[in-house]
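For reference, chains read A, B, C, D and E in written order, and residue numbers begin at 1 within each chain.
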Amino acid sequence: MAFLALKNIWVEYGEKVVLERISLDIDEGAFVSIIGPSGAGKSSLLRVILGQEVPTRGTISLEGAALPAECGPDRGVVFQRYSVFPHLTVLGNVLLGLEFAAAPFAARLFGSARRAAIAEAEAMLESVGLADAKDLYPAQMSGGMQQRLAIAQALIKRPRILLLDEPFGALDPGIRADMHGLITRLWREHGLTIIMVTHDIKEAFGLGTRVLTLDKRRHDPHAPHRYGAGVVYDLALTRKESAHALPPIPAEAAGITIDTIGNN
Amino acid sequence: MAFLALKNIWVEYGEKVVLERISLDIDEGAFVSIIGPSGAGKSSLLRVILGQEVPTRGTISLEGAALPAECGPDRGVVFQRYSVFPHLTVLGNVLLGLEFAAAPFAARLFGSARRAAIAEAEAMLESVGLADAKDLYPAQMSGGMQQRLAIAQALIKRPRILLLDEPFGALDPGIRADMHGLITRLWREHGLTIIMVTHDIKEAFGLGTRVLTLDKRRHDPHAPHRYGAGVVYDLALTRKESAHALPPIPAEAAGITIDTIGNN
Amino acid sequence: MRWVTAVPGRRGAFLLGAAPLLVLALGYVIASAARHSGNAADKILPLPSAMVSAMAGLVFEQDRLSGQYLFWADTLASLGRLAAGLGIATLSALLVGLVLGALPRVRATLGPLVTAIAVIPPIALLPILFITFGLGETAKVALIVIGIAPFMIRDLAGHIAALPREQVIKALTLGANSWGVVLRVALPQALPRLFEGLRLSLGPAWVFLISAEAIAADVGLGYRIFLVRRYLAMDVIIPYVAWIALLAVAMDLALSRSSRRLFGWAHGAAR
Amino acid sequence: MRWVTAVPGRRGAFLLGAAPLLVLALGYVIASAARHSGNAADKILPLPSAMVSAMAGLVFEQDRLSGQYLFWADTLASLGRLAAGLGIATLSALLVGLVLGALPRVRATLGPLVTAIAVIPPIALLPILFITFGLGETAKVALIVIGIAPFMIRDLAGHIAALPREQVIKALTLGANSWGVVLRVALPQALPRLFEGLRLSLGPAWVFLISAEAIAADVGLGYRIFLVRRYLAMDVIIPYVAWIALLAVAMDLALSRSSRRLFGWAHGAAR
Amino acid sequence: SGGEDEAAAPRTEFDIGWSIYAGWMPWPYAEQAGIVKKWGDKYGITMRFVQVNDYIESVNQYTAGKLDGVTVANMDALTIPAAGGKDTSAIILGDYSNGNDAVLLKGSDSVAGIKGRQVYLAELSVSHYLLARALEKNALKLTDVKTVNTSDADIAAAFGAPDVTAAVAWNPQVTTMKGVPGAKAVFTSADIPGEILDLMVVDTKVLAANPNLGKALAGIWFETMTLMAKQDAEGAAARAAMAKLAGTDAQAFEGQLATTFLYTDPKAAVAAMASPDLVTTMTRVRDFSFAQGLFGQGARSADAVGMSFPGGKTLGDKAAITLRFDPTYMQLAADGKL
């Protein structure tokens, strides 16, 4: 029995079929990278797994039980258009998850519990490089800083399933490498199951234990909306010892996506 | 006399110094890539050149005349958080620039002028791969599709100066290569001056005729806000014959940014 | 499903929404019956039967003096005034609110004036309104317009002023002049908010209509209500008020439906 | 600079904003002088001198009977009622608007009721209102609350319901229950809109206050206006109305300043 | 909201409503001058005089049971509380309007000129009655004019508008309206003396359980009458205070009093209430009210509402008497037994 099992998932928006016949078994502790052309339905797939959207057809089960179509702390997320709470400072944004967990009624912490939470949040901010920015509001930050904040916010909860939608898209190579290290460490230490959408093929192969390629299997030029995307390649990679030592990109994998240019 | 000249530009937000002592001469027809760590002030610099923000100190001149601190059709832009008009369809978004130019009063086109504009807009949409999506509203599109729309919207105007803030961040490698080809072609054909912020060093060196690195020259760990970023490297590249044949990344350039990890 | 995400279906929503209204109606009937068991001639909370018989005369019988069906004549007169008032207010809100919201200099110039007009209770200045507009239909429509237009203007201007600055910048780089920005960026995005503002103004508009008809009129829903108030004929007032509420809720629904149909992009598609 | 981007400085804005108000005042003086040259005893548009002398007695002289400075007693009484009404309305808007906006099921249930209440003109039901709340202060405050709270509730609920759905989802993944979402996500983002709604409600609130004081009161700005209206004493009414406008504009300014100070994040910083 | 039992039970606190009108200003003055407290103490009760700016609303609140007594004109006492089934006793006949109500026209000095005009007035009030009487006396019918309902608070301002050329109102508004250029009072209540009466009415059940209320009110009224009738400094001061309470000055108020026939002597008031003229007047009033539909939809004839007069005379439905002209307390005052 798979940890997370998708059975014959379809996603449609009105007439338009976005995803069709997606069936997947994902093992606990897997790091799944998803690549595919723009508009293929990668974000839609994540939204369905997250419980934000209900698939038109098909079922999802977690450890054999049907996954409730609602979001909860078992699944964390970093959205593609990284959104953080505009009314909270950087520190407040990261603290929020700790406060919800520890104080279900007040949703706030006080005294020593608060101090401990702040220390934890500051450590997390340190590791995403936002220690100096902890009192800023999101509107006062650059794009990359907001993206790192969204990552910190999700990571501090250490959710069993972590859904990342192009989480490092707005980061420079240096900070990006740092983030790779951070996420690999947390994934190892806490046995998280991670599903990450990315456009960086090096990143997909470097971090993932499995790489999925989403794309249309058939395409009708006169009715481009009639066919949805499915999983066209599903590559299991041998678990790497060090996430920092990136392996060379397999030529065929790079080819997969280049083939699909303008396919949308 | 340089085409675009920045003299001793400073940008400050309240107490915080973001950019300091930026002096630059940019030649007409240059393709300037800007790289630098997240939060360094790359977007701020673009905003100042665009005329969206007034620098705290310093002057900008275009062909010797002080650049008016207001935006106009001489400068086109693709924002980092690619924003398009939510109330217009894909086609409407691209048409808009043509309509403003041709009908200053009605801001709308009719009859054959309109048909010609639509043909032009559709050709542009074709080249960014959105031909099938021309009747969608932005809210119905994926992140990458919105980004391509923003690019199409800016390119159709062929502005003298084009400011691009991580324009290809949300695109998969295949479509991204297509976009590289498109932008290089327009740049060549129309002699545009392009300033592009990117985190992809291969892209910066592959497309640009000149690469600038923005970063803090000095850093005081106890008062991180006291020093702003400046231009730490300014590399002129020999003009390449084909933008598609990317040269190998110079090792030292890759090193520049990796050095600055966590520098913010 | 959680409370914050559970969206009831169409039928569920209808049933849920009808429930409190039914409870209210039931509560009224009980209170009314209780009062009548104490005093059979009670006028304050008439029994439904009394309301039906009182209204029957107004709805189905021609008035001896004027030869009109009073209820329908009242309704027509009031709706006509309301439509004129709302129409003028909406148009002026669009014109003024748009430039106020889009052009900071105009906002600086006219903003304080609009605020001052918005907060001046027009009913306090009736004598001046009378010499300006007389006491005919103009005055009634004018009172509605003066009553709601400043609010609508401010609401719309606030909405436009809050549009992302990037949109204005973007339009300018696409070759727009200020007029183009107003016409192609601000105006279309103002329209859905205008519908919203109109919906929020329906309540105040009825208030001002009723006030205007209370001041001087010879036909209209407000006229009838204030006339029969002289002998505490709640058996007419309550059905009239319920009718007003029904008309207003119908307008509200029509506005919200049209907005969804016309400006689908503003009402977040299925995402 | 272009019209859409040129933002006048502080002093410029002040001068620009004052100009139309001055023009208005000047226009009044001219109209008044014109009327007085025709009929020296005209009461509708009194000369400024007449207003000054009429007001002097109310402002500076103790009333022999009650020992009060009437103008100030009126102001205090009205402001007290207004504060109570606005306070209760704001609080109920926050409580009801918040749950209505954040919880779709509650919205489906109570939305139609709130809409119905919002569109029922309370002045049509004055007899019932005064019977329910008596002729004392309660009824006056109640009229203000009934008059503006439904509007504020709907406005706030609309704002909350329009918050990006991603925020709710995000909060749930961070371990929030529905209550947590309301408390930590919806509430703080509701507050700036509440200030905005309160500003927009100032005008209607004054209207309802004046209406309430017109019916039953023995002190208050509205009471005085309606008292002297029998004599067409515009020399008292106009200064009173101007005073109301001044008070309201001051409140408006205070609210907008506090909102900027308290919720800087909502007012888009220098960007 | 005093239920039936509460109304019938002895109490010590009472609310009396009043609104601004020349003939009713003695009441708030008496409260301010301590006369109310004096008589209240004497009979061991407390009376609060509640000002209601809107006259109709004051009568409505009385009808609804929120007030125990109210100042009201005879016609409105009949058509609002009495027709509404509220058993009401008129215990004080304060005055009759002797010119306080008037029909005003612009550009004409006779009632005949009103034909075909729009007449602004508070419909179904004593103004409407006055208009009907004016037309009747000039061989015109109500259908010869078009009436426009106008609230009494707004009518002065309305008459200032150029397009308003005919109006009916009462004081203090009439005084203001006469000042409008070209305006003239073509018919006033002085032409129908004794038909528009200003009363203090109280809930009959409350009165039955608390006769002390009637005594105290009569005591207050006639003490105040005596004071204000004095043609010396004290009387002038009292009248000036009333003027202030009405929002006007002493001179204008004296002008209004000149057109008000005040019953300063309790004996005269008792006599007026006992006179057969009152029955004639009330017959006319109720016929007019019935014709205008003021008795409500259910009323089948002018007899629907019963009235009783001193000496056992009645009008209308004897089984449903709801308006009683009761001179008992004025008689006590006349006899000096308070």
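Note that a contact is a pair of C-beta atoms (placed from the backbone, for glycine too) under 8 Å apart; a residue touches a chain by one contact, two chains touch by 3 or more.
Small disclaimer: the values here were computed from a predicted structure and weren't measured.
Hopping across touching chains, the smallest step count from chain B to chain C is 1.
Here the chain pair with the top count of touching C-beta pairs is C-D.
Per-chain Cα centroids separate chain A from chain E by 81 Å. If you average the CA atoms of chain B and of chain D, the two centres end up 47 Å from each other.
Annotation: 18 Å between the Cα-based centres of chain C and chain D.
Note: centroid distance chain A to chain B, computed from Cα atoms, is 28 Å. For chain C, residues that reach two or more other chains under the stated contact definition are 2, 5, 44, 126-127, 131, 165, 172, 177, 214, 229, 232, 268-269, 271. For chain A, the set of residues touching two or more other chains reads 13, 70-71, 140. Residue positions of chain E touching 2 or more other chains, listed in rising order: 60, 64, 154, 157, 160.
Within the complex formed with chain C, the residues of chain B that make contact are 50, 52, 70-73, 75-77, 79, 83, 85-88, 96-97, 99-101, 104-105, 107-108, 137-140, 153-154, 157, 159. The touching residues of chain B, when paired with chain A in their complex, are 13, 35-39, 41-43, 80-81, 129-130, 132-133, 140-145, 147-148, 166, 169-178, 199, 201, 224-225, 254, 257-264.
Against chain B, the residues of chain C that register as touching in their complex are 164-167, 169-177, 179-180, 183-185, 188-189, 263-266, 268-269, 271. By the touch criterion stated above, chain D contacts chain E in their complex at residues 39, 41, 43-44, 63-66, 126-127, 130-131, 134-135, 213-218, 223, 226-233. Taken in their complex, chain E has these residues touching chain D: 1, 17, 20, 32, 50-54, 57-58, 60-61, 64, 66-67, 153-154, 156-157, 160, 172-173, 175-176, 179, 181, 241, 244-245, 247-248, 252.
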